[in-house]
Amino acid sequence: MEDLFLQFLSNTGFALVDYRQVIMLCVGTLFIYLGIAKHYEPLLLVPIGFGVLMGNMPVMHGMGLSIYEEGSVLSYLYYGVTKGIYPPLIFMGIGAMTDFSTMLARPSLMLLGAAAQAGIFITFLGALMLGFSPGEAASIGIIGGADGPTAIFLTSKLAPKLIGPIAIAAYSYMALVPVIQPPIMKLFTTKKERLIKMREPRKVSKRERIIFPIIGLILSCLLAPAALPLLGMLFLGNLLKEATVTERLADAARNTVIDTVTILLGVTVGASTQGDIFLTKESIGIFVLGALSFAVATACGLVFAKGMNLFLKEKINPLIGAAGVSAVPDSARVVHTVAQQEDPTNYLLMHAMAPNISGVIGSAIGAGVLWSFLT
Amino acid sequence: MQIATLIEQVSAHNGWNMALAGMTIVFTCLVILALTISRIHKILDLLDNRDQLRLKMREFFVGREKEKQVASLLTPALELEAARYRRLTPFLGETFSLKKLIRFAESRGMTNPPPEKTIRQLMEVGLIKKDMRNRFTWDDSVAK
Amino acid sequence: MEDLFLQFLSNTGFALVDYRQVIMLCVGTLFIYLGIAKHYEPLLLVPIGFGVLMGNMPVMHGMGLSIYEEGSVLSYLYYGVTKGIYPPLIFMGIGAMTDFSTMLARPSLMLLGAAAQAGIFITFLGALMLGFSPGEAASIGIIGGADGPTAIFLTSKLAPKLIGPIAIAAYSYMALVPVIQPPIMKLFTTKKERLIKMREPRKVSKRERIIFPIIGLILSCLLAPAALPLLGMLFLGNLLKEATVTERLADAARNTVIDTVTILLGVTVGASTQGDIFLTKESIGIFVLGALSFAVATACGLVFAKGMNLFLKEKINPLIGAAGVSAVPDSARVVHTVAQQEDPTNYLLMHAMAPNISGVIGSAIGAGVLWSFLT
Amino acid sequence: MQIATLIEQVSAHNGWNMALAGMTIVFTCLVILALTISRIHKILDLLDNRDQLRLKMREFFVGREKEKQVASLLTPALELEAARYRRLTPFLGETFSLKKLIRFAESRGMTNPPPEKTIRQLMEVGLIKKDMRNRFTWDDSVAK
Amino acid sequence: MEDLFLQFLSNTGFALVDYRQVIMLCVGTLFIYLGIAKHYEPLLLVPIGFGVLMGNMPVMHGMGLSIYEEGSVLSYLYYGVTKGIYPPLIFMGIGAMTDFSTMLARPSLMLLGAAAQAGIFITFLGALMLGFSPGEAASIGIIGGADGPTAIFLTSKLAPKLIGPIAIAAYSYMALVPVIQPPIMKLFTTKKERLIKMREPRKVSKRERIIFPIIGLILSCLLAPAALPLLGMLFLGNLLKEATVTERLADAARNTVIDTVTILLGVTVGASTQGDIFLTKESIGIFVLGALSFAVATACGLVFAKGMNLFLKEKINPLIGAAGVSAVPDSARVVHTVAQQEDPTNYLLMHAMAPNISGVIGSAIGAGVLWSFLT
Amino acid sequence: MQIATLIEQVSAHNGWNMALAGMTIVFTCLVILALTISRIHKILDLLDNRDQLRLKMREFFVGREKEKQVASLLTPALELEAARYRRLTPFLGETFSLKKLIRFAESRGMTNPPPEKTIRQLMEVGLIKKDMRNRFTWDDSVAK
């Protein structure tokens, strides 16, 4: 029987534990803490954090427990990530939640959502310089798209081995938007600019809102066909919402589907960060480049907004350029907060939503373009 | 690592071109999308106005006739009945089932002429209209 | 870089577009329009229509975007159609929604649901005459069953290549029930017949409603075992509903499950109608035969009802025979409307539900019989 | 194409037989189902009546005895208490927890005899019954 | 045509029916009856019972209808059982429903949940004696864990052929807890012991409840890594619930996910009990051993509780030891009922929940240990 | 079957050891878990007390200064205004948006000094605090 005990003890975590797993357990706990105590994107950080814990419990390989072993429960749930199925389903839910009205009211603000995607391509160059392969570099660049599902989708196509670190980096920086963006925003704008107030956008009719997802699908997928899986589902969800006669389907998309998929995506992405696979030099590169990507994207949005003001009669508040990075709706909220620090009577939230959601479209197109270049 | 090597690594993978082309395409896409979107409500307005225009023209040519036709059916007696039935709307809601309308009418003693007959006449005149879901509404365009 | 642009441009939809895709884009938009503006079965036509748009965006083959390319997101979601999994799940939801009381109160009306299935077999003969193979002919015939999931299920087993056109035909005609059926109903009935009023059905006890799905499963699957996947799930859903102690499961079946599956089925069936595959001579044949099938089924139901009246003391309104085609609950509504045009005080809706839902059972049995003949 | 050819194509695949057989089977199935369904409620009624019959028979043979037995336990004093407790039902609902019943009784000053004791007696007599979910109800069949 | 009819008739259930299927149809109906009329675990017995009916309809093999034929709808839905995916998802839902407060307030009561698992190992020995292989014996033993998902999970790993009988045995006995446990409870306790009242547990803070699932995961999976799939998901669900900021995810876990999976698991486990496979000598052995397992587990819990009283100043009511078998929350309810039969003012329900849910953890650990021994 | 054979069959598969080891491990796990759990709330209390301790120490060293600083800003006039604004809480809820606060203040004629100015001062003093979600609350710790 001592044999059995010994065998069992040698299978317990205590015998198998690795220092990298201990580090990751701390990381997982930190994620959960930030989600619960600091309210940083709790819907993402809590499942991911717990997934990190689950993925870094020291288990014997060969027992079918690890997410990387065929036949394990986690490996089945992980298929939705590796096959790129979860991100489009999440996009459908987002579509069924999002009101595109402000964007439809002032389509010129969509340019800000385009400008902020420069971060993606600049980081792509940076990653190439550091010696990453083109597929990896593209996946790293997309972190600057500030859109978790898009990043996971592209990475699952171009650099499946990096799903863990890239997803973690993307979601971390998205959660840290309220920390990362304000200093950059203050650096690139003057106090006078931050005080600019904007006019209420016009009312958008129901018909416009119904037509938009159809036009949006056709145009964006004619121009960038590879954006179809993400944008197709985004616009589908939105059409189900705006049609109103399909309310119960929209309801399923924005509750049942997105919530279930969010749990499964979060926990499996978290569990894919096994210490021995995750804690590498590459991951550090990814995190550094990801932060750069975020900063550059924010800056590009701000600078472009200032540029637009040179041509506009009715000036826009350049802060809303920072919302072009996506990270819906957190970066729009941050824009609002920073503006209110200057003038508590300035309400930018609604205005910032336009670049914010066009940033989602922009990064999905960016992902599609990179995918089509590199396949 | 030397800067030359860094640049080399980008060029080796055609990086500069991909980045520039990528950014341009993203921008173009969103510009075209923005331009199109900014037209949607104008086109919709135009379509609405066209309908109004057509409506006006039709009214001019056809309208009189139709009015006369309705007028011939819409006797003063029926108009009076219509007004009485109309007053039940607050209890029935904007769209209602005929069953309920009849029950309400009967419970208020409106039995002469019998509700079934009055309602049939109101439907012939077009004052009561049926929608896709077999619910009924008052059509005010005829009422005037 | 010009190379890249050229390569990209040659990948955009503008370069790849095909006139058949343009036609299909119009069809998709029409479906969405009919669903939203005309309220024709919006829960089906809107997702299908959007799926048609998604499936007909001109994309490069080989990039893993098309539903017919292995590894694409749409292809994964399409498995539920090709493997015949979605239809039974939808049937479970329908079962959990349906009240079989009126049918239980007057089981003789079930014969109308049987008679209307003649359309299936007559169309089957017609399709054989036009040179379709037996499996294809059976799948085309089942369009007359006026039941989308049943049609998709049988086609996935007997003629998987035709899923697109057959599903589209079935759902189109189901949506067009308020347009197709009334003229046939007026042609086959006299005004006097249409004025017949029917007696209120008796109250059905809770115990009867609980026992029915069990008896129904055993009998129908003893007689036509191949109806098991569809009817088994239909009766399961109904038992969960009637048992009341399993209310939360019935709730999941009639909301979560059916809504999610409806979206996925609709969008993938729509996306399977790629112009080059869909716009063929065969599809035209399918549409013509499908319309025939619907018309014949309606006529059979009407004529059979008139025949029943020869033997019945208490006459039935023969209009309810038309509800035997299924298309729950639209054809029952149409019956009601047509009857009310003659006499606004005649309420046939409840009476028409009996042949209506027995038509669902009938066409599932018919599908099972054809499947067992042809396997 | 000639009609002969058309018919030929059907025969070649055994089409006539399949169609006729198929239709017959669908019809037979639904007829059998309809016949069975039309029996369900009659059979259920029969079962109910059988139960009633058996109940009456049992009452006839066994009933007296049981009544007597209950009677011996159901003293007039207890019956009075039962009536007092029974009056709390509107506040407790048809099924209730004992805890609540006791609290209600105490709050109404019904403390002599103590509620716990009375309730135990009522349960012994069978006036209060427990269901599967540990909730309690009054059993009126005994009350008479 | 007679050929076709004969062929069809020879395919109908009447021609194919087997006496064992008739027996199973009665069993299925009995399950449904117990669920609906007797309220024994209706959420499990009704779908399982209906699944038994579906699985025992006499169907031709080779048509792709049976759950054991590849490509049948039921076989696809059954994957979730055979691959062990459904049980962890159900555990996630249970986690999102369960309040661990009472257990956190008096952790010493967890020992009762440990003691009751002795039934698992004693039955394991019994099954070995009867000649079952070690994997089968372990799966049979786990019936005494009184936890359906755990039993199915372990059996799918160690003895996939026995999933049907073991799942049916486990769920039957769980449903029969109100019948099986009371006599054993009265046999092993004195009236005086059953009258013991217990003190209200202390209030447990929100922070404790949030920290518990994290600590619980780390500790239990360090000690018994193979419990990760079940306990990981259990604690994930619980964290989502207690975090409150992830309320919508917890909601999805405890409604959408668990209800849908419960239907699918129930109906497929039921359908896996095909007469010819289910009605064997082995199944009888499994049922006998299962009953033994339940009885032994209950007895162990009771005796251990009495043993604890020897050392405790503040005596516990030994009845709550019987709740250690799991079968949440039925066995806790039974404890409460038995106690109230002695003294209607004694409220043990809350106290019994502590051993009850620690019994869930205990049997998941037990399953993990057996799995790691036998792989 | 003989008992010897039965026992044999268990031994052959190492059954005794597995059963004993298994039970021991389950027990150990739950004991360790129970022990750990029983420590959680004590550790949490300790942490809380440490915070309190630290707070007290900081108050001792730093507090005065801060109070003074606030005091200099928190003029009696502003304090009066604060009290007036504070009375709007029941209408606004515990957390509120500034927009709403301003509207409420204006609708109650509190326009001199203008609400925007007063609110900015209140925020500088720290009486109104902003949370993560851009909603505002009163901070009572400063009020005293």
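Note that the chains take the letters A, B, C, D, E and F in the order they are written out, and that residue 1 is the start of every chain.
One rule holds in what follows: a residue touches a chain if its C-beta (ideal position, glycine included) is under 8 Å from a C-beta of that chain, and two chains touch if they have at least 3 such contacts.
These numbers were taken from a predicted model, which means no experiment stands behind them.
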item	value
Maximum centroid distance from chain B, chain identifier (CA atoms)	E
Rigid-body rotation angle, chain D and chain B, from Cα fit (steps of 5°)	120
Chain of greatest Cα-centre distance to chain D	A
Chain A-chain C separation of Cα centroids, rounded to whole Å	39
Separation of mean Cα positions, chain F and chain A [Å, integer]	28
Chain E, residues touching no fewer than two other chains	4, 8, 39, 223-224, 256, 369, 373
Where chain F touches two or more other chains, by residue	14, 16, 18, 20-21, 25
Every chain pair in contact, whichever chains are involved	A-B, A-C, A-E, A-F, B-C, C-D, C-E, D-E, E-F
Residue numbers on chain D that touch chain C, as the complex places them	6-7, 9-10, 13-16, 18-23, 25-38, 40-41, 44
Sites on chain A touched by chain B in the complex	103-104, 107-108, 110-111, 113-115, 117-118, 120-122, 124-125, 128-129, 131, 133-134, 137, 204-205, 207-208, 211-212, 215-216, 219-220, 223-224, 358, 361-362, 365-366, 369-370, 373
Of chain A, residues touching chain C in the complex	83-85, 88, 92, 157, 210, 213-214, 217-218, 221-226, 228-229, 232, 235-236, 239-240, 243, 245-246, 248-249, 251-253, 256-257, 369, 371-373, 375
Sites on chain A touched by chain F in the complex	1, 3-5, 8, 38-39, 178, 333, 336-337, 340, 344-345, 347, 349
Of chain D, residues touching chain E in the complex	14, 16-18, 20-21, 24-25, 98-99, 102, 116, 119-120, 123, 130, 132-134
